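Just below sit the structures, each encoded as structure tokens.
One chain, chain A, appears in both complexes that follow, with chain B as partner in the first and chain C in the second.
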Partner chain A sequence: MVELTIDNQRVRVKKGTTILEAADKFNITIPTLCHHENLTPLGSCRLCTVEVIVNGISKLTTACTFPVEQGIEVRTTSQKALEARRLAAELLLAKCPTSAKIKSLAQEIGVAKPRIKVREEDCILCELCVRTCREIVGRQALKFINRGLNQRVEPRIDFSPDMCIGCGSCAYVCPTGAIKMEDKDGTRVVYARNWEKEFKLKKCKVCGNYWAPEEQLEYIRGKLNLPPDFFDVCPNCR
Partner chain B sequence: METLGIYVPRLVTRRQSFAPGHRACSGCGEALAVMLVMKALGRNVIVVMSTGCMEIISSQLPYTSWEVPWIHTLFENSAIVASGIEAGMKALRRKGTSLPKTKVVAMGGDGATFDIGFGAISGAFERGHDFIYVCFDNEAYMNTGIQRSSATPFGASTTTQPAGKVSMGQSTWKKNMPAIAVAHDIPYVATASPSYPFDLMNKIKKAVAIEGPTYVHILSVCPTGWRIPTDMTIRLGRLAVETGVFPLYEVEDGKYTLNYDPPRLRPVEDYLKPQGRFRHLTPKMVKKIQQRVSAEYASLKEKAQ
Partner chain C sequence: MGKVVFSSWAGKTVDNRGLGVKQHAYAEDLGLPSGYDHTKVAAFMGWDGFVVWDEKVNVVDMAHAYIKEVQKVCCGECMVGYIGITVLADTLARILDGKGREKDISLLQWLASGIKENAGCTFGQTAPIPIIDSIKYYRDEYLKLIKNKKAVPKSNYKVMVTAPCMEACPAHLDIPGYIQLIRNQRYRESLSLIRNGVCLPGVIGRVCTAPCEEACRRTQYDGRVCIRLLKRYVADWEMNSGLTPSSAKPRKSKEKVAIIGAGPAGLACSYNLALKGYQVTIFEELSVAGGMAAVGIPQYRLPRKILERDIELIEKAGVEIRLNTKIGRDLEMEGLWKDGYKAIFIAIGAHKGRKMGAEGEDNDYEGFVDGMKFLRDVNLGRVIEPKNRVLVVGGGDVAVDCARSCLRLGFRDVNIVYRRSRVEMPARKAEIEEAEKEGVKISYLVTPTKILARDGKVIGAECVKMALGEPDSSGRRRPIPIKGSEFVMKAAMIIPAIGQQPDLSFLPDRNQIKLAKQMTIETDTTTCQTSGEGIFAGGDCVTGPAVLIDALASGNRAAQSIDQYIRKGKVTQGEDSKLEIAVKGINLSEQREQEIVPREMPQITSQLPLKKRFGNFREVENGFNAEAALEEAKRCLRCYRVMVWLPAK
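On to the complex of A and B.
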């Protein structure tokens, strides 16, 4: 167990928990965007910035990636932390001004309008989709290309089409709606601004309803060594 | 509605304010629905709950399953208490107290919604309080021993209208509660089922974002009262939707949207056959039910266009 102070409150938490988890346990809310409890933390959105005082030296850090240490003091609402958060929110808002999620987050933090030039983009490079594809699905259909200012998320499906299985996890987890998914008449389209892939949906032999993309079923079947006709019938009719 | 395979569920939050270890029967569809609702609601909520199964099983002294402020009210007044809390918070804000953004959620079973608390809900909708009313509809008073309510469907055998030589089970049709809620001109009305968890959570999230009274009607399968094996809960919830007995739709400011519209409906027999409460039905009665279900579905589809 590690003892620390969060907002003048002395708390004891397990070793290895992050500041965000510790604060959440004691009902102290810190805004987050790129954090997901089932994925490894990354700290790319900087919205969870807090002020941490270690050995009398104050520094700013992201709460989602910082594991707690004995005797540290965390200030989640200090002037310094709030200012850093406001700047991060402003930059995000300037990048992606139409997203409802970012708008509401920025409003919560206290930013109404960015002072810099607005860029009409939809991806904010939070890497949630990339982490989901890698950690949850076990594929690497999405990855970052380039670094620095030219960094973009690109699907690897351009290079090896069998990497994406059309499960739709990336579209579900995307906070800004940059990746979208649509099911229509037996086909599923997963798409973003600069790429898209179409999938054929499997038709159930009994009820005739479309129920999952064929490539996803093939992937699961191969992984679990199931017989070839295992997915001919949907779970409802089985 | 998209079918979100087996990977997306792993992204759903594990945090919920409805703790496990409660006393619900095995296979309870209602406990599952409450769990999903609480996942979608998050933490900043005040829950008001009418007497019913959920209240009994989740708050046996000295234990409780609720990790949020939770108030148990009598059968009839969950909507009243919810409006009181909402009005109280409004008054405190007016006087300058800073309160976090909190949603008031009233929950009730079908007995509390369709019969006993009906007038109070109507009043709260009419006054326009900012709250969500969630109805967990298991189609009878299951908590006290399967007595009929006005949510019980035609032909179902209950302990107060048992099927036998004289009676053929419930002799009246189910009251259309979502339609009554729509008639109040409230901003959002939806029907949901725990067999379609993402649809249910989306609808609750939508209701949270809307200011004003909202109504979400959830069909919660009850293995004990419906006389089905406990492993049939999810399947029966799906069958209810696929046969058109319980269509999933939402009404936003009077505009209908059908969320799940299969190419063709299954015959209602698929839904009635596994259930012990419909065991006595004759083919003639099944035909009668089929006609009614088809007609209602067709009229709903017309509204949704």
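On to the complex of A and C.
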């Protein structure tokens, strides 16, 4: 167990707990966007920024990525933390002004209109889709393409059609609606601004309804070593 | 002369503008290399501030040139850094274009401080610092540009991007770059980035001395990032996945280059030249390629199949390796010119053992074997009869390799004698520790003075105890024999391993190629040129016995020079080398404010259990698994340092 202070409360939590998890345990809410409790934290959106005082030195950090340490003091609503959150919200809102989720988060944080202008995009590179595909679905259809000394590219999320099984998890988890999914007439399309893939949906032998992409069912069948005709019938009719 | 007009570096400010008392300061006072003075540099901006030597320099223009470079390196994984730096760059450009507004200054200030406080990596947290300083100290210049509403010309700034680890690496690998690719599970791209500077990733991932890790800034918090093992991870991943690298198809060129020696230096040079389209032939005396990596490093540190795979991929890039071909025996060096080779790279390594200076060492006693020959025999699988007691003489990696190999061959009583103390022992610490765990006994401050033999067979050595005196030219304390301390150590085998030198007997005309005092080849260290026309040299035959990454780096440099030589008929010092010299001396590790880094200890790998190490040469160290590699890759702080400077007119 580790003892620390959060907003003047002395608390004890398990070693390895992040500040965000610790705060949540004591009903202290910190805004998040790129965080999901079932995914590896990334710290991309910087909305969960808090002030941390370690050995008398005050610094900012993202609550989702920082594991608690003995004796630290966390201030989730200090002036410094709130200002940093406002800056992050303002940048996100400038990038993605039409997203309902970002608009409401920004409002909560106290930003109504960004004073800066950047190229607008619907994707904010939070990588929730990348992490979901890799960590939950077990595929790597989406990858983050970072920039760097030897990678002179625009940062983006790359799509590998061969790896995609059409499960649509990325579309569910995407906070801004940058990834979309539509089912129509026996096909499913998963798409974003610069990529798309179409899937044939499986028809139930009993009810005749289209119920899931064939590639996804094939993937699950292979993983669980199920008989070839296992998914011929939908769960409702089984 | 050479005094700065203004500087704000590492939190220290010197301001000589205006009429006040001059605070004299030179580059050296600021922690910048002495190369940075007004005769060479008009102004400089980097991660920890900026310096102006020429008062005519437009600091806003410099800030813009700087932030443009920062933007190119900014990865895009945190939104404050990514969007924030984009806006900084756009705003500075707008001001320079004469379209700035007064509120842009406070916008810049707000953003730059915000990024500094809350970006996701060290690079993001340090990069805005000079922008903040420029507004603080040169606000009038910003205001002037905004009020004039006229576009001003942009100057051409020189750029250097590096990091403490990259600078420490002789091959200057983009370490934060390939680690980040691992973090994003883009292993193939990570490996191809590694191959840009290191053509033997599997080998280097195992045996590199990793000076990068010594320089890693994370050491000051919870421990260095295990850079070497990360490199090994991607190399092994590629091999275990049965993939071959998607290297660019080499361009075809008719020009031929000859390389003497298929060791790390020769291989690196050949690989780079092949990618540039040259027809490269390596002439190798031994029956295997790899040089010291093949016949010097034992397999328990570097399994043969790893080396073979790395070399196979080099051959696939178009390099021809002729084994069992010794220049000076099977072919004459002079003949290479007649065969149409346009340049020669000598990379024969240092395989000849030095003499101990002990009486009887030249008597060809049975059981007296030079360390290099011993390791070569072991590595080539020649039968070595294990003896009861063996003395290995020396304190370097070769000595430790010999001793640990002896144990694996079934020698019972393995001893190292070293003339200085543990502190001065040049072998790697981890290797010494493993050797001791395995049962190697080390006697310090002992030197054999006479080899004892009966019927032509070694039976022991007369030794003398040593004391340490004043430091010698190597900086280590000189060992001095203690009179009257002679004693006898029994041994059925003695393996001297006290250093190696190149065997240069093949050189046709010694006057053509100048040699250094230590009987190595003299070269220009940046271009690898020898005194012979069209002849280059690198690796251990130039430096004396050194580490693998040094040899690789010299092979890379030689390839650049040879390419220039063939295309232009002369070698001009490469732009990279010039930058390298300019940056040397700046302490890349320092920054005004320290990060807060949550304690996450380095990942550890398992080792082959002790009792399984005898009677075989199985690899001792295991690599990372996927999870460990990912966790370790996350520990990189990304300490890229961007620097721009304006050359003086």
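Some observations on this one:
Keep this in mind: the second predicted complex is superposed on the first by the 222 of 238 C-alpha atoms of A that agree within 3 Å, B and C clash if a C-alpha of one lies under 4 Å from a C-alpha of the other, contacts with A are read in each partner's own complex, and residues count from 1 in each chain.
We adopt the following convention: contacts are C-beta pairs under 8 Å (C-beta built on N, C-alpha and C of every residue); 3 or more make two chains touch, one makes a residue touch a chain.
As the structure is a computational prediction, the values presented were derived from the model and not from experiment.
Considered on the superposed chain A, chain B and chain C are sterically compatible, since they fit side by side. In the overlay built on the shared chain, the residue A:115 is in contact with chain C alone; chain B does not reach it. In the superposed three-chain arrangement, the CA centre of chain A forms the vertex of an angle with the CA centres of chain B and chain C, and that angle is 160 degrees when rounded to a multiple of 10. With both structures placed on the common chain, the touch criterion links A:147 to chain C but leaves chain B unconnected.
After overlaying the two complexes on the shared chain, residue contacts for A:82 are found with neither chain B nor chain C.
Judged by the touch definition given at the top, the superposed model places A:189 against neither chain B nor chain C. Of the two partner chains, chain B is the only one that A:212 touches; chain C does not reach it. Of the two partner chains, chain B is the only one touched by A:137; chain C is not.
In the superposed model, A:95 lies in contact with chain C only, and not with chain B.
In the superposition on chain A, A:67 makes contact with chain C only, not with chain B. Looking at the superposition, the partner that touches the larger set of chain A residues, chain B or chain C, turns out to be C.
Between chain B and chain C, the smallest C-alpha to C-alpha distance in the superposed model amounts to 21 Å. In the superposition on chain A, the residues of chain A contacted by chain B and by chain C do not overlap at all.
Within the complex formed with chain B, the residues of chain A that make contact are 27, 36-38, 132, 136-137, 167-169, 172-173, 181-183, 188, 207-213, 216, 220, 236.
Of all residues in chain B, those touching chain A in their complex are 1-8, 10-11, 13-15, 43, 235, 238-239, 242, 262-264, 266. On chain A, the positions that touch chain C within their shared complex are 42-46, 49, 52, 54, 57, 59-62, 65-67, 69, 80, 83-84, 87-88, 91-92, 94-95, 115-116, 118, 124-125, 127, 134, 140, 143-152, 154-155.
Taken in their complex, chain C has these residues touching chain A: 72-80, 82-84, 86-87, 90, 107, 110-111, 114, 117-118, 120, 161, 174, 176-177, 180-181, 184-186, 193, 196, 594-596, 598-600, 640.
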